[in-house]
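Have a look at these structures, which come just after this line.
Each of the two complexes below includes chain A, the first together with chain B, the second together with chain C.
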Partner chain A sequence: MSLERKKIPTYLGYLATAFLLAFPFVYSRADYDFIMHLWITAFYYAILASSWSLLAGYAGQFSFGHMAFMAIGAYGAALYSNYIRFVTNPTGTCTEIPFFGQYLIILDAQGVTSASNSCLDIARETLPRGTVITQPSVWTGILIGVLLGALFGFLIGRLVLRLRATYLALFTIGFSEILRAAISAEIDITQGQAGLELPPLFPVGIFGYAPTDKLPTYYVMLLVFIASMGIMTWLVNSRFGLFVRSIREDEEAAAALGVNVVKYKVRVFVITSTIAAAAGALQGHYIGIITPNILIILQMSLVIAMAVIGGVENIYAAAIGAIIIQFVLEFLRNSFDIGPFVIDMSIWRLVVFGLILMLTLRFQRNGLIQPLLDWFSRSDVAAETVAIRQQESIGEPGGGEA
Partner chain B sequence: MEFGYIFWWTLLWVIGWGIIGNIVTPRIYLRRDLDVSQAGLVGASVGAATGPVGLIPLWLRTPQLSARWSVIPGLLVIVILAFAFAQADPDNLCVASSSFIYSQLSNGIVIGIIYGLMALGLTLIFSILGVVSFAHGEFYMIGGMVVYYFLNVWFEGSSPIMAILAACLVTFAIGVIFERIFLAPMHSGEVERPGEYAILVTFGLAFFLQYLVQATAGANPVKAQRFFDFPQYELTSSSGAEIITTTRGNLSLFDAVSIPNPRFTAALIAILMLILLLIFLYRTWVGRGLRAVSEDRQAAAVAGINPATMNTLAFGLGGMLAGLSGATLVQVFSWLPQVGVVASARSFVIIVLGGMGSLPGAFVGGLMVGLFEAAGAGCIPDPTRAAGYIPAYGMIILTLVLLLKPTGLFGREL
Partner chain C sequence: MIHLQVNNIFKNFGGLQVLNGVSFEVNGPELIGLIGPNGAGKTTMTNILDGAIKPSSGTVYLNGQRVDPLPPYEVAHAGLGRTFQVTRSFRRMTVLENLYVPAMAMDGSRKQADCVEQAMEVLKFLTIDHLRNEFGRALSGGQQKLLELGRLLMLDPDIIILDEPFAGVHPKLMEIIYQYIYRVNEDGKAIIIISHDMDTIFTLSKRLLVLNYGDLIADGDPEVVKNDPAVIEAYLGHDDEDFADKLVSSNGSEA
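Up next, the complex of A and B:
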């Protein structure tokens, strides 16, 4: 066999990447928009699930606040695009800061039902002719969201990661809830459950595609997905990955060998939070509206279920798991009747997934995708060899003396 | 809404000196080669309470510290903040009306007792299995749901006591079955990295239970009728002042404190259960066995206690306590499949505050969180916002505890 079995996953990976890159041009059925939407959402979940698996599977730090960082990214971008404007002349009514020859103004919060004009609308009457008001760039907003995610990741990491793993799980679940409560309660700023609107990723379109076309977003999301996988692969294979895994295996032993445990835990936490924030900011711009519901526990549970069912100890397995499960969940939406009972699949599918999550954890700890990858990389053979050698050394009568 | 700057400046002052005390004190102790384990905590609390007045003598004399040193400054901080708040917002109901204060206090205590009961279940599980159950809130939710369905759908008009017993039974059974299938293999070495496994599998259970209930019971809020009516009663002192007056739905004491019936009943049931639990833990063989396992697994096994049975029992009991608090609170709050999430988070706060695995800690922590939430919900000027932020109050406590004393009030050293 000329093709090494070990290499097959790599080749399949290239093949899959090529397929995904070509897909929008090849596919042309009537449900094009729907399928494209599914892919974009699948990439979004894949980014989240794989970065969560880097944090949980490699570093052993179980955060239930991954979606909170995602939401920080999304809300950071949304608040920026909603409340920041650039004006060439001072308005006199808004909070304004001179900014490279222009004025950066912060709009006053309007709330959901307010009928009054914002400070900019009032100023418009008096502004001299020729004044240009620019919407801020979408990409700066995304960058700000991502930086906010990193900042919060750093602060929370510094607070909690010096303690045992359980504290991180306890704290992040609470953090997620407090963030949701705050976003829901600060209706004046975030518009609460009504949701905050975001402009599309390309407000004026690009390469002849309209702003609502899914193709540009598809490629942006795909590229971010590939880039995050690339970064994480590099991290995992570097010394950093080694340190992080040593922390997971035995924190005390790693510390004794000179790994600065807290530093590396904080680093991996910041990196994964940043990736989550980037995914959130992009998805926010894609969907066009964000509500506090993006960080209900269900979303976090879904990401965890995806990572675990795929294989939490392998970022590729987690990403593949996320994509497959996203499609399966989407196609399981149709409700049906059994006799007099209406089976509402939109809820029951989640029950089934909860059950699969628990059963996977119990009986197939490595997930359902990872064993496939392992089979190719023959690590099962390696394990077998180790076991045989161990057995031999125990079995040999003189083995103990050497 | 008039909300003066006095309060914010005081808060800033307190936090600023707290941070300074927290950072500088351990350095000074370290330089003098003294024990620094409590220096951060004591420095922060002394700094927050007294500012430079207390910190400078502390830095100059560097006495031997223990955690007790932070109790009085801690209380002082609360007094200072309360005073600043009263100055800043004199018209606020929780400054101006003493009967409102007493009612909030008593409500805080009443609800705190139930929080404590729930957290007790979680800490019981943790002390014996070494596992934090992330599905604890779901047991609470199921307890409430069972009571509602028992009284309003399955057996209409039956006694609430039967419903509560049914809720206990159901949650106990779920706990036992789950422990047998999913957690028992952890202790026999069948599962790699049991700590991580436990976090994930209980989280999976929470996900599963929440959506199972939503799928079967629907997502509409439900609320049970109050369990019992108070007898109509009135007691006045000889001078004609009111001592106790009860109407069917309310109890008022000294014309100042008013406790709604559902909360009162809930607290009463909680106290009753607490006494039963203490008798069970301290007076029966099985209860002693449980405590023995929490002290030392191996030694308990040598003494003839089967740790596996105790694990199952502890998980079932812990779930049952959560179910019981849910069962008593379903007449107070409206009930949704999602109520468990906030309840879970609150229990986590309580057990960290009280010290992981400490039974008295869970109870005291429950009371403190109950009072703190009552103060927050009652005093923040904008009532809708105050209610929205209820999960946040606990998180403030949790952050402070993790920053200053991660072992909690009664915790064993980590």
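Up next, the complex of A and C:
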């Protein structure tokens, strides 16, 4: 019985996965595109909230810089697709590097309002006939964004090794804000608040779907979500999960018991920032434009709130929390009337959200989803403890004295 | 063969000289008591041996390997384990998971399933096996102390330093800790016990180290040490002829 109960969440997980995999083909109402958009965004937030819960909930590294790594992924991919071209002949005007029989061109930054031509436009007139100019692959850009996320995760992970709790939070806010300020300031390169455009994930469509169709993106985001959950599940159930939790509980004690604290703290930063960067790069290509606002503190707070409401010490609880909050926030947009008063829910929904967060923190510190999962996995522990104790007391007289 | 060699350790925090050229050796499975008044440098010495803090000067060799520049986890791998003065169990991990951490940290190929049997044996010995799936935080103070001792068994070091293992412990628990110390010692491990409880120190240890404000003022047989005028001076602040009797209270452990 108890063994069966422990397996229920796993079965429900498979069921939910099957539902999500089938959803785009079975759902057919008029708001199809809108609902698909909600799901894609929900997956995006679920990836971020669950990876943040691995960093903060399991490893105890309460970072406010998670969205910065997400943005590094997004801007890495965007800068690559905006500034890199492959040309079969040298241009003479651009910065160019021979690259497997072609030339890798780095376009010069144009800014938002510039009327001048890029180096490639100038070179176009002199380039020999038959010269092929290729846009770089979207996927290479995403890969570069992800690698940049990992690299910065490593650097920040090294830098914050000695920082605890509040200091870590302040440091990572600082990092995130510096990045945002830098992106806003370098208008020539990043287009600042005007936003940097990205091509769609499938620029020419795929399997007969147009580039703007939601279905291919839905599956890409869903698969990345499932893959990241799979990797994180494997991690938290392995020695990695055990060690980062021991570090969260007591760093000195873990070290005294042979745990290489530095290695595992840096690893958890690298892994979670890599996942965040992947989510950012994909979402950037999906939305088609990114601005520095994607990493404002409010966005970070939203991800944290999603994880906290779900349950920060469980990647599944955090992911489910993110999906639920994403849908709740959208459906709370529907305004309604109370007698003569119009309740404008597009504003009040955030109040409702804030209240849920406050009530969760005050009355349900483990989140709303995590206790449910715990009920399946741990509810028989107390009974078991008592049973063994009694058994022993009977077995050896006087054994139950202590 | 277990060999710990501590050479001329100095440590100062700012202007405060905490350790003042401390040297001693541990050869084989000794049972050593380390005593000294508050502020004598006992915990600082432990932290230096464990790698948590670096000495201002001096060296520590463990089984021929220099360990003083190493981080704590490498010192643990080299064969030194310790408990903390204030118990530090992993509170939001189960009792079994608490034990898996050192076992798996020491052996990179070991999985949780490989540790269950050993962990259960350790818990049975410490009489807390019924709590195996409870969280560390659910345990009483004494049980958490036992859990810390259990983690050391899983770590399986050559030398164990127990920082105040008897503080706030009731007699029955004390009995278990006594058994623990004897068993670990019989298994061929050296043990250094830091305690203010003179009864237990004199009962357990075969050799006594006395620290006083950074100086190692005595090192030797407990019977000899307790009559050493310098030790008496350090503990009571003045020469007291009856001190040896006061150190060991009336329950007859002085033999």
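Quick note on the criterion: the second predicted complex is superposed on the first by the 356 of 402 C-alpha atoms of A that agree within 3 Å, B and C clash if a C-alpha of one lies under 4 Å from a C-alpha of the other, contacts with A are read in each partner's own complex, and residues count from 1 in each chain.
Keep in mind that, in the parts below, contacts are C-beta pairs under 8 Å (C-beta built on N, C-alpha and C of every residue); 3 or more make two chains touch, one makes a residue touch a chain.
Model, not experiment: these values are computed from the prediction.
Trainee: Which one hits more chain A residues, chain B or chain C?
Mentor: B
Trainee: Should A:A254 be classified as contacting the first partner (chain B), the second (chain C), both, or neither?
Mentor: second
Trainee: Tell me which partner A:T385 touches in the superposition: chain B (first), chain C (second), both or neither.
Mentor: The answer is second: A:T385 touches chain C but not chain B.
Trainee: If we overlay the two complexes on their shared chain A, which of chain B and chain C does A:F243 touch? Say first, second, both or neither.
Mentor: A:F243 sits against chain C, while chain B stays out of touch.
Trainee: Just chain B (first), just chain C (second), both, or neither: which does A:I304 touch?
Mentor: Only chain B; A:I304 stays clear of chain C.
Trainee: Using the touch definition from the top, say if A:A185 reaches chain B (first), chain C (second), both or neither.
Mentor: A:A185 contacts chain B only, not chain C.
Trainee: Is A:I173 in contact with chain B, with chain C, with both, or with neither (first, second, both, neither)?
Mentor: First partner only.
Trainee: Name the contact category of A:L159: first (chain B only), second (chain C only), both, or neither.
Mentor: The answer is first: A:L159 touches chain B but not chain C.
Trainee: Applying the touch criterion given at the start, work out whether A:L147 contacts chain B, chain C, both or neither, answering first, second, both or neither.
Mentor: neither
Trainee: Please give the residue numbers of chain C that touch chain A in the complex, ascending.
Mentor: 50, 52, 71-73, 76-77, 81-82, 84, 88-93, 97, 100-102, 104-106, 108, 111-112, 127, 129-131, 133-134, 136, 151, 155, 172-173
Trainee: Taking the touch rule as given, give the residues of chain A at its contact with chain B in the complex, in rising order.
Mentor: Its residues touching chain B are 56, 60, 62, 64, 159-160, 163-167, 169-171, 173-175, 177-178, 181-182, 184-186, 296-298, 301, 304-305, 308, 312, 344, 347-348, 350-351, 353-355, 357-358, 361-362, 365.
Trainee: In the complex of these two chains, what residues of chain A are touching chain C?
Mentor: Against chain C, the touching part of chain A is residues 239, 242-243, 245-246, 248-250, 252-262, 313, 378, 381, 384-385, 388-389, 392, 401-402.
Trainee: What residues on chain B touch chain A, complex-wise?
Mentor: 132, 134, 181-182, 185, 191-193, 195-197, 199-201, 203-212, 214-215, 338, 341-342, 344-345, 348-349, 352, 356, 384-385, 388-392, 394-395, 398-399, 402-403, 406, 414
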